[in-house]
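Attaching a single structure in structure tokens format; questions to follow.
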Amino acid sequence: MTPDYIRQILESVRQGEQDVDSAFEQLKDLPFTDMGFAKIDHHRQLRTGYPEVIFCAGKTIEQSEEIIRLMCDRGSNVLATRVQEALWQRVKDLYPEAEYNRAARTIAIRRNVVPVTSTYISVVTAGTADIPVAEETAVTAELFGNRVERIYDVGVAGIHRLYSRIELIRGGRVIVAVAGMEGALPGVIGGLVDKPVIAVPTSVGYGANFNGLSALLTMLNSCAAGISVVNIDNGFGAGYLASLINKG
Amino acid sequence: MTPDYIRQILESVRQGEQDVDSAFEQLKDLPFTDMGFAKIDHHRQLRTGYPEVIFCAGKTIEQSEEIIRLMCDRGSNVLATRVQEALWQRVKDLYPEAEYNRAARTIAIRRNVVPVTSTYISVVTAGTADIPVAEETAVTAELFGNRVERIYDVGVAGIHRLYSRIELIRGGRVIVAVAGMEGALPGVIGGLVDKPVIAVPTSVGYGANFNGLSALLTMLNSCAAGISVVNIDNGFGAGYLASLINKG
Amino acid sequence: MTPDYIRQILESVRQGEQDVDSAFEQLKDLPFTDMGFAKIDHHRQLRTGYPEVIFCAGKTIEQSEEIIRLMCDRGSNVLATRVQEALWQRVKDLYPEAEYNRAARTIAIRRNVVPVTSTYISVVTAGTADIPVAEETAVTAELFGNRVERIYDVGVAGIHRLYSRIELIRGGRVIVAVAGMEGALPGVIGGLVDKPVIAVPTSVGYGANFNGLSALLTMLNSCAAGISVVNIDNGFGAGYLASLINKG
Amino acid sequence: MTPDYIRQILESVRQGEQDVDSAFEQLKDLPFTDMGFAKIDHHRQLRTGYPEVIFCAGKTIEQSEEIIRLMCDRGSNVLATRVQEALWQRVKDLYPEAEYNRAARTIAIRRNVVPVTSTYISVVTAGTADIPVAEETAVTAELFGNRVERIYDVGVAGIHRLYSRIELIRGGRVIVAVAGMEGALPGVIGGLVDKPVIAVPTSVGYGANFNGLSALLTMLNSCAAGISVVNIDNGFGAGYLASLINKG
Amino acid sequence: MTPDYIRQILESVRQGEQDVDSAFEQLKDLPFTDMGFAKIDHHRQLRTGYPEVIFCAGKTIEQSEEIIRLMCDRGSNVLATRVQEALWQRVKDLYPEAEYNRAARTIAIRRNVVPVTSTYISVVTAGTADIPVAEETAVTAELFGNRVERIYDVGVAGIHRLYSRIELIRGGRVIVAVAGMEGALPGVIGGLVDKPVIAVPTSVGYGANFNGLSALLTMLNSCAAGISVVNIDNGFGAGYLASLINKG
Amino acid sequence: MTPDYIRQILESVRQGEQDVDSAFEQLKDLPFTDMGFAKIDHHRQLRTGYPEVIFCAGKTIEQSEEIIRLMCDRGSNVLATRVQEALWQRVKDLYPEAEYNRAARTIAIRRNVVPVTSTYISVVTAGTADIPVAEETAVTAELFGNRVERIYDVGVAGIHRLYSRIELIRGGRVIVAVAGMEGALPGVIGGLVDKPVIAVPTSVGYGANFNGLSALLTMLNSCAAGISVVNIDNGFGAGYLASLINKG
Amino acid sequence: MTPDYIRQILESVRQGEQDVDSAFEQLKDLPFTDMGFAKIDHHRQLRTGYPEVIFCAGKTIEQSEEIIRLMCDRGSNVLATRVQEALWQRVKDLYPEAEYNRAARTIAIRRNVVPVTSTYISVVTAGTADIPVAEETAVTAELFGNRVERIYDVGVAGIHRLYSRIELIRGGRVIVAVAGMEGALPGVIGGLVDKPVIAVPTSVGYGANFNGLSALLTMLNSCAAGISVVNIDNGFGAGYLASLINKG
Amino acid sequence: MTPDYIRQILESVRQGEQDVDSAFEQLKDLPFTDMGFAKIDHHRQLRTGYPEVIFCAGKTIEQSEEIIRLMCDRGSNVLATRVQEALWQRVKDLYPEAEYNRAARTIAIRRNVVPVTSTYISVVTAGTADIPVAEETAVTAELFGNRVERIYDVGVAGIHRLYSRIELIRGGRVIVAVAGMEGALPGVIGGLVDKPVIAVPTSVGYGANFNGLSALLTMLNSCAAGISVVNIDNGFGAGYLASLINKG
């Protein structure tokens, strides 16, 4: 809702085209629509074909299913994250077009076609155990209409594996680097490329990794520039941010 | 060094145009030049007019001065961060064109003109005490050729101050949000805009802020999407990353 | 037991109305009754109709049931917190008037009518996952005779939801703000109201939220004034304190 | 700005009493004035005689002095916290009516008379080293128009000292309990009174007190109900909150 | 083995009463027996009737049973701590005289009579949930031949309960004070008695108690003198130490 | 004040020997005198010749001097801990009999003769840097009338040094073991003796010792029984507790 | 691939023995083979008879089995760590020569004979609960061709046990010392030997051991020289490093 | 002292060649001399030409000077670490042959020639700020008779710098890798070499590096095998251990 829109309402009232009550109805939500809040919540998704996102952790299967139905009824694309197998068993019968990514623990339901970007997002992992988090990133970004290139298991302990893929990594407009344990991968990539690097620490590891704290601190202290960090295991957040940068 | 270049060398050897020893010399550095590492370190800066950056913390004034001289001799733009007043006293006599930002503790020396972007980076702070970190971000981004808009002291404790500037903030292609104490600003901004938000926790505060840990954790746990975090007080890192995104 | 009461005993001894042994019995408990300790433990609840409270975590179902029976026999209102479903199965047969709040994990048994305050306590949550803690607060406060207004799912990531309810929130004599993850809600509310805000961090979240530490630190470091904090997930404590303020 | 006010504007436009441009001006700020944000920042203080508060830590003496002048020029009562001796030397010459509390490190300048409450706030400390934090609380509350009773050095290691003052403590409408080291005082008081207790951990102590963390955790984990906690050494915050409760 | 014993061996060799080989056998273990190590491991228990102690956590039921058999065969009193119910099912058939303390999770088998001290150890808990740890202390101390007085559920949130038992507590030659959550009990007792106080933090609590860290820090920072602390939940260690002091 | 005393007062009232007002005066302080609190604060020291103790950290030199004067006027022995050199310069002129222990940072003033125990306290350190803390222990214990044996610099990195003194260490009725860095000394001693061991972690070390946390955790987790721990650098607390055990 | 090898390829091209395309194929992997990466990954194991290692934690049984098959097909010796019983049930049927170490949770399959060193590695544990970690070390080192001496349950709480085995421990070319709880063993050994000591903290313990943090900090702060530390419970890492030193 | 030696003493007593008292004197020290403890402290250094080492932190300049004199009088080589400039001013006059390494803060005094190894130790740093710690390592190792190769400023943010020196690094028999901030260097080196890597975290960095904790955790969690870690900034410890491995 632009300032022009406010003027239009006022003008229509002045000209007697609209009565006070109906104008009041339109204006009483002004604080939110003027600030674009509603775009964020509902309108944006419908207009852009962006998915609505449901974070299923901490919700019962019934609750998650109900929200998915509601959103599908509104014609939205839907992304559910941190889903359990049992939710998938229900959803796949309801929506045959639904796609389940077991590693990422996501369900995606595409109702609208989102054009795919020509530029791509590089999603990189240090080890195989980091792949579920990376898949959450990739699925999120793809559903938002981004081309994604997956480059997995190229951690710094065997750094030649990283080099053999560096051109592909570097070709992305933005790079998501996912790593647990020591978490050194984003810093090394940051020294090899001129692109924004989103670092995702994972809780993969044991002992003094303290459930991802070790990787998190490594990434925050990286000597290489151009790196920023999201929460431990937050693959969705990285995918959302990467999409904003890639499409920005 | 492209694969084509390797073929050329081999071809010239085959045709006797080049002997084995000289070809060996070219090929033995292959890993590095093929990967373009040197661009990262020196060539990139010279070519792009980007500044060379000196992190002065932990260096003596003599060491910092010597590095600045060396870089200026190479014709680079130079950015020195975390400088002490005493270093500025020396540098300002050597390079009259040098600019000192006392709040940011930076010295900038421009030798080459970098074209300024039409899009801009919004640099936002929660409080006045966060301004030095924000200025480090702003100075860095400007020297890299970015237009910067400063929106300071709009923390969430008086949230109407934030709203009165939200359109300016939202207009940036990327937003850097700097906050200490509770560190809630980036999360609130993240809920109001559709742009990447780089969150910079500062060590401003006391007691259970644990030198910035409180703000850092808040930012990592933000419910709003599109946010990532750099190290505590790392204004330079945020500026560098914002430039990559704004110019990307 | 007031000083007057001590004088009465002494006077009755002086006048021979009471012998030394019976006076001794009354006085030997003096330290406690004079300090009002017994009010806190037993008498207060009976007199005021306040519930007796049983914290069931760490107790067997048998133990909890036994304490509930004992208290009910004394005619008290009873509040059991952190109850398991299995305890409810037993209690509902014993006391048909018992009320079970599955989300809050509370059982309430009202034996005495407590008059309800005209002023109210606003109980606010950032997300839906914070509702169980908020319900523990609400149930506690209601059983203590407070009117409660529930305003749920108004977290700062979509801050317009908060604004649409701000007048209702602000109308409370005291506000309980419950939030996990980044925990920014109490600070934002604190900047919008002139009422005491009791902040309740929850363990909702993942990764670097460290089981509620993130929200706890955010709340302790809030820039807004008028905020204080209780333990992580301590809905009961917030409800008790809010009642003291609302009825104070 | 009530909904009625919006209707009035629309009505005046409809009736031609007001043109579109002027109505637009009134409506475009709707979100902020409707929410009363400005009251919070400036108007409230002027209207109520409440002091404006300057947190001087992290500001230069010049900056602090300038802000004090500005506020005094607006006729406000002024409270400056965490002031250095040198600031006081300047201010006392400018404003002869200024009061300096060396222990609390506060400067108070009263320009308006604030009526004093009949009820009082009990401010209690465990040790003598906690007094500066308690004085910050007391000075803040007094400047806000509250009667304050100071009960110092009654820590639990010599608990009879606490008992000899318990009636005075209990008489307050709200109690602020300040303690470092083990931080047990608020919990013991909480078991003896039926009033809200605001616990203030201090950084007093050494070794495993970790600059106040020990006292903070003790207070958050108190078994007694009716207690909430503010940041370490946050005497001002406790005073502000106590005033809200005492005058609420 | 005293120095006198070494001289005896040497003398018997000199006098030809003992040959070199047998003397060598006796002396080759000298470092250990001279230092009294064997007393600690085996001899001490046999001589004093002290139990041998088996820490069953981390051992299989088979391993624990085997060690118990071995020790019983040597005629020792036996104390097994942190036992599982299943171990008890086996042991009770083997040794009808075995005693199982379900709360303390201990099995005690008395083969030798240990005289009981006239002085006693006071074992005190703050809450009912602390009783299992306290029982481990009590069982340990009793098996070592100490008289024990149990004073449970006298935490500082209802401090009059503590006072009603203070004379009994104070009568002990040493006091073991067990508390979780805020852990304030030992400090309050330390201010009321002139006896050594062994503080045992427990992991009882939730949220910011961090599995006992809160109580541990409180106890370490106690303002009262005469207090020392053992590991979280270490009831056995407290009982062993209390026995050393009581019988010392 | 014993129960008999209460009966006496009542009897004298009954017999008209005492009026109600004077009896009231005696009885209204009952909680405190009955519990012997005053003994703890003042009377105990005077009666036993025990020193009064002043913790000077956080006090100005003027404040510390004033308290020392006050205590000396009351005829007490005085112990001041954590004193600065400048305080000593003042005190030595006032009280020629005062003794300054520069390492321990203590001032002791003996006004009354305290008989010395025949049994002794072993005070042991791992390194030379731990000596100041150990001296605080030793001075405290000596002023309380204990014989003390000092065994310094016998840390486990050169364990033969420990063995050469083990008989002297073992001869104490209680052992205070002071260690920084890894803090292993108390555990090794605990395995070699049958006496209570009070472990004192010190902040000596660097890096991952985290100001004494490393030594503290080591001591709390010691596998040897009979060990308890006081706060980091708390030499006074260890000395006080050791005295209670040695004289108990 | 040595520099000589590069020259050979160039020479063969020059002499027309090899065409450009085949030379290109060999050279395009140059960065990796020149740096010896392939040795690390694949070639080294085959050449040296070293096992390939599979870390099974976080892999499904199917995944682990598949990798084991693949490696066995390549003729490698194979070491699988952190295996579950169920994996062993599958593998033992496939490879009758496979060896399962239940304590260490390892499966070893020897396809090639690795000569055993004459020097040995001493693997020492403090307690019996540390044996699984130590066995992982021992199995790893043995499969790499090292002689290993196991010295278990010689912790410092009963230090004579350590002395009775010290000559055997000292005889190793390198010592691996495994300890949980207080973690003091490596430091004591470090003071008794002149050999490198690899310290392995284990998560054995409870309470303030914080899952191995206590032992980790103790080992890092050891006063004895010649000690370094690996991650908590990282028996494999210690075995690998010990092998490098023993065979170095 | 071998078992044979014990037999000799016994035999000489049996044959009357030695009386009981003198034999007793020889045997009573048995535990220590048999275990060779004295070698560790003094004899070893004299015999091997190894330096005696003085850790000067926490010692006064007078104390350090006195110890240096004492050691020099015994003819030892001497290494003093963490020395202040003022100590050097004194020592250089006393011992003209003394060598001061300002970066490493060490003083070395060579009295005996130690033969230098043919194999070498690679000492590597990530940045220039890590050099002081690395120099402490290098000076220590050199004084112990090791050849040292210094490879500085080759951190992973510009990884081609590391590659250009990798052959020199790899040539060492053992590698010491020193890094602050993110601490990723040792892990990357560990993936490129087949030699033991000693990782030294430094306190270099700011913000969430928490004085070296970040680098420490990274190194402990390294995915590459063959790495172990010493305390933060512990250059001496790394040098000592590297010498044990290089000369072992």
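Think of it as A, B, C, D, E, F, G and H in the order they're written, each chain with its own count starting at 1.
One rule holds for everything that comes next: a residue touches a chain if its C-beta (ideal position, glycine included) is under 8 Å from a C-beta of that chain, and two chains touch if they have at least 3 such contacts.
These numbers were taken from a predicted model, which means no experiment stands behind them.
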Length of the shortest touching-chain route, chain F through to chain H: 1
CA centroid of chain B to CA centroid of chain E, Å: 60
Distance from chain F to chain C - Cα centre to Cα centre, in angstrom: 42
Between chain B and chain C, centroid-to-centroid distance (C-alpha), Å: 50
Sites on chain E at which at least two other chains make contact: 31, 35, 37, 40, 158-159, 163, 191-192, 207-209, 213, 216, 220-221, 225, 231-232
Chain pairs in mutual contact under the definition given at the outset: A-B, A-C, A-D, A-G, A-H, B-C, B-D, B-G, B-H, C-D, C-E, C-F, D-E, D-F, E-F, E-G, E-H, F-G, F-H, G-H
Chain G partner contacts - residues on chain F that touch it in the complex: 126-127, 155-159, 181-184, 187-188, 190-192, 205, 207-210, 213-215, 217-224
Touch list for chain B against partner chain A, complex: 31, 35, 37, 40, 44, 53, 163, 166, 170, 173-174, 191-192, 194-196, 198-199, 216, 220-221, 225-232, 236-238, 240-241, 244-245, 248
Residues of chain H defined as touching chain B within the complex: 128-129, 158-161, 163-164, 204, 206-209
Residue numbers on chain B that touch chain G, as the complex places them: 3, 6-7, 10-11, 13-14, 16, 19-20, 23-24, 27-28, 30-31, 34-35
Chain A - residues contacting chain C, complex: 31-32, 35, 37-38, 40-41, 57-59, 201, 203, 212-213, 216, 231-234
